[in-house]
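Supplied in structure tokens, the structure appears directly below.
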């Protein structure tokens, strides 16, 4: 079975050569345990990102939509797990062979008694599954406060069962992109941009929140209900990202792998820090005020930017890559508003734009890659995800409908769709 | 010393046979470090569940009881640690020998210099202690908003120092239940039902919150103060459960153990996902609305359900076991209200009922067990914990009193008992 | 390169002797991976403490200052990472040789391809960096609600780039204190007191919040805005502390090291529990009420107290050391108010006073140390940090100013400095 | 028309509301307020510092009624809101000159 | 001088405020309230238990105006606040005897 | 009896309350409100979008007093509530026809 290891093999050249030997040195079983442990630790850290998205989104929507946002996040993480097991995993990894998708065999993961590879199959499944869930989380933030619950969840099923695994197969499943030499270490494009494209299509087809844009082109800010929850969510995501990027080394059982994971931790942290600092400085310069939500988005943009290649850059380059991610966010957030694209939490700048940036900048530090190939990867995945997502959104829009009524939206989706309030004890509109 | 390993030995048959050899293969010291590391990682994840309970309960009580709920949770986790060290650990594990309890020697944990077993004694203590604390956390949610602080903390001392360790000795200490062939991998019965029985007895003896039930049998909902905190708490618990179930493999230092832990992660996640999805669908069907609190309870019920046997079921069976857990919750929550049992956070459906369900369903995937034995385990522990808990609650009720005055309850236990407010800046009743 | 290992070597005597052999036993590469993994796990747990401080502080300030507190915390963690990389790490560890500071070479961390030590250089950098960030977090809480953002961030740059590394070099870098035989296992003095001294100087020079103290010497309590966030923050810190203290063993790859890390986990937990229980009992005795914020501070004081020596004490001694930490907090919080030192979150009692206590009590369990040497360490670091901090605060006060206008303070720093509200949907002053 | 403003203990809201509904009153407006009165706040301790709690959470009910309902409405509030403990609150009555129902433009008595 | 008290739907606040500003009104005070009225609450289910939601979030606007602005102000509120659905709210008018601007001590008409 | 309604800056609440207590006033009711007035909101930027903040947090104090206390009470409020900056707020005075103490049923002057 080809896994993400294949990608590493292509991407990392020299280091790969020594990859199996140290495993021997440390003992094959020991390496197996270490590798498995890396997947498990990385996996639970990325799982924890689901809580991060939930808190970030709960903090960034108005209080009348908070319970819905919580509902969506716990539901989407659950659905992602089931959909990726029913269909996604095999579609992504089973017999892709340089092609466009794997097998449509339902019910993934081979019998665990055949665990004879470099790590436990179940640990790999767990690790890959949480990545898939991450892509779905991205969509939920952008479309908050106006989308109906059921159509959103249907989209999650399709995204996690079909869209994500197919494009993932192209690269991490050993499909045509990986054969072309595309490189996306931990998924700037495969996870983050994918979520971002799906969100963008949703935002375009769903439309903006009622009252969000005035006829004169000005914007009515709709401040998030809880800055501490948004901050908590960002810190959770930051923490989870050590698993996201570090775990994507896919091996821990040798001196080289352990060192690589360590460097990834360091670069990941510095890129996020660069994103925060850049966003703070730029928002101070542009608006004469530091904007906390921009700093939070900046951290995430820094993280997304370094995700395509967290290992090879020097620390300084990591700070710069992340810092530019932070700048992208500060500039792109009001830009989207210009186009009346209503992205409630800033997921499109953070995940889509910084994801593209991170993918294109890989060749700066990774000799085995080229801007052209990176571009091909970005475009092919972008087109595929956008087109399929748009079709799914359109079909649902013209059948079951994807948007709550204006009255429901004004009184809040929490009351209208869930019949509850997130903070029932506090008087508020 | 007999530990939980004994249980595994009985429960897991084939796999156990190979358990020591791989340890040799990987080097004995290496296996020792791996096993210890599993306890430490599992332990800190389960410790983190204390925060999960705190947030879940803070979110599910009305704002006038939030500070008290936080106080109880930090206090109970602290007391659990001390009580389990003073008395609990030795009572549970030291010289049970097929009997009913261990030694009453105070001050647990042998001299660490004699760490010659398969793992560090202190790491095992830490891991077992956080399980004990979990049982105590369960009680605090059910009895919220009306119980006095001090009697509650006294109950925690007795639960963690005596009740929990004694019944735990029956199985995990190598007592009579383990000799009978009872199987409870990570504690559906031993941890969750135990907490649930103690909570149920408390709820019966303490009575419902003032104004909770009308004379005509209808219920006055008392919505939780913060849905995002309840959601956060649930995600924390979900994350912690990987340590709860995964760590209960009790060994990591071999290929087989690492694979088993991985399968446990996968099954645990799928069961929780099944619980969420089932609860969402059923609440949509029954009430025409998705109820977020039911989805959250559903996740936990799924987790409790798979806890008795997270290793052997196939992924599909895990989803089903967890899903039925979710269904149990949605049906049992209003049922308890019928009986005027006021369980503020739904701990009885989640921990007691789903715990029983999970224990009884073990034989479906684990050949070495039988429904009869499982039933004996459920009943014997249930009777013991219920009777002793009821006595403790009764004695306290008729001496120091366990319930705040009605006036105190109406103005809120935060103000009445702690003299503070959880959210002093927000105007509210 | 001398690292914290040197300190352990001095401090731990016997155990050190066996330190390299087990590594051989388990295989050198294996030990390398284990040690690196300890740094990574410990590192991400300590990184998570940044979120803990953010939540604790967000919960302990009034709602009109919450967004600012979040901003400061995400910014300071980012800046700490960059400053420690630009300057701090080499200043602390590179060529200290028994002296007073390392090299002023910018841009730390050697080429990772030379990872030939006992662990990956990058993992060590990551682990040391998060300690440095912790010291900065401590300052932010004390000075909340009145300090200007930019001067605070400038102080963080200096603290993390210069002050912290220099005093750290004296001990952990192998400088004069380590040669004297000073012992501070995980940083009661080096991290916590350092942060505490810097905070104390800031508090003295900045002055108290407007309206905090009346002319008759009485205090106007300014209750924290969210008890559940403060509780969450405390639980996060408690969790992170397992990484803080456990990781400071600096090695995991042998039976002895794994056992030591386990004992550290156990002692750390018991000390925190002791702090909570002592604070609860004492606040009940003194005020006839349990004070949740004191219980939370008590947990942290217990943790700080055991940080100087979490390995050698018996469990009972750990409980006592932590418990006295809890008592110190309950007594010191009103004491500081007597002196009109306005410490918003109690960071000075928790980190400075309990840090001193923890450092001085080391000789009780660690034979290789003496009270005199411990005292020298406490004093020399205290004087250095205080003097340099005071100078920095003074210079900023008399140039750019460090305090917001009274009007800004009254309407809240969130509105005045950030132009936003933390909870815009809730009506409040 | 009269405006009745009642300040009551928060947990009495539901009882008072029901008593008014039983009288046939079809509308009222409720506000969360804090009250200062004879029910002197008590002394609390927070982080070791004593302080007086002066403002106590109360609920204010405003209802505009036709003159003939005034007495029965105030009696109903007194009846339902009473706990016989200090701090039960006050009722104030004042004149209202006009009322309009926004939806229909109906005026005065019709608007209630 | 008259006190106009308008109880409106929360999402209409901005429209009503703008309509009043267009009239030249320079001050008003806004309170978050909950309303009970003909717009009967609906039945909700929470954790399997049905219950009536009686109190619905509303916004109360208080503004004191000179007598000559009374009619235009109430009309403006009716105009801007109307959705033609039940629950649009009420306007109450009552007499105010005096006003003072705290900053300057100006009285009555000057104070507005 | 008169109803004095004062709208003040939030941080002045304690000073105003103390000033009134010094006068011998034994009761008042406090509400958190938002005010629109001459103190024009300022422009803020949130996520790159400029907007006007129109509604500014204020505190409303309602107190019913016997007629003879009216002047001293309003003076006390002006005195204690003044910062001389725009937005200090307003005092409105109106007639109250009756008062009842819920606990005892006492009426009018006795009820205060």
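Letters A, B, C, D, E and F name the chains as they come in the text, with residue numbers starting at 1 for each one.
Note that in this section a residue touches a chain if its C-beta (ideal position, glycine included) is under 8 Å from a C-beta of that chain, and two chains touch if they have at least 3 such contacts.
Just so it is clear, the model here is predicted, and its values are computed rather than measured.
Peer 1: Spell out the chains that contact subunit A while also contacting subunit D.
Peer 2: Under the touch definition, subunit A and subunit D have B, C, E, F as mutual neighbours.
Peer 1: Using the touch definition from the top, how many steps at minimum link subunit A to subunit E?
Peer 2: 1
Peer 1: Regarding the subunit D and subunit F pair, does the interface count as same (over half of residue numbers shared) or different (under half shared)?
Peer 2: Mostly different residues: under half of the interface numbers shared.
Peer 1: I want to compare two interfaces, D-E and C-F. Which one has more contacting C-beta pairs?
Peer 2: D-E
Peer 1: Same interface as A-E shows up in which of C-F, B-E or C-D, over half of contact pairs matched?
Peer 2: C-F
Peer 1: Between subunit A and subunit F, tell me the centre distance in angstrom, where each centre is the average of that chain's C-alpha atoms.
Peer 2: 51
Peer 1: Would you mind pulling out the distance in Å between where the CA atoms of subunit B average out and where those of subunit C do?
Peer 2: Going by mean C-alpha positions, subunit B sits 32 Å from subunit C.
Peer 1: Got the subunit C residues that touch at least 2 other chains?
Peer 2: Expected reply: 27, 30, 37, 41, 223, 226, 232, 289, 291, 293, 419-420, 423, 426-429.
Peer 1: So which stretches of subunit D touch two or more other chains?
Peer 2: 31-34, 44-46, 94-95
Peer 1: Which chain pairs here would you call touching?
Peer 2: A-B, A-C, A-E, A-F, B-C, B-D, B-E, C-D, C-F, D-E, D-F, E-F
Peer 1: Enumerate the contact residues on subunit D facing subunit C in the complex.
Peer 2: Those in contact with subunit C are residues 44-51.
Peer 1: If you look only at subunit D, which of its residues touch subunit F in the complex?
Peer 2: Going through subunit D, the ones touching subunit F are 2, 6-8, 31-38, 54-55, 58, 60, 74, 77-78, 81-95.
Peer 1: Sort out for me which residues of subunit C touch subunit F in the complex.
Peer 2: Listed in rising order, the residues are 211, 410-411, 419-420, 427-429.
Peer 1: Could you please specify the touching residues of subunit B with respect to subunit A in the complex?
Peer 2: Subunit B residues touching subunit A: 22, 25-27, 30, 34, 37, 41, 45, 62-64, 223-228, 230-232, 234-236, 238-239, 242, 246, 252-255, 257-263, 265-266, 269-270, 272-274, 276-277, 280, 289-293, 295-296, 299, 315-316, 319, 423, 426-429.
Peer 1: Flag every residue of subunit C that touches subunit A in the complex, lowest number first.
Peer 2: Where subunit C meets subunit A, its residues are 27, 29-30, 32-33, 36-37, 39-41, 43-44, 47-48, 50-51, 54-55, 58-59, 66-67, 70-71, 73-75, 77-79, 81-82, 85, 107, 109, 112, 115, 120-123, 125-126, 129, 149, 226, 229, 232, 417-427.
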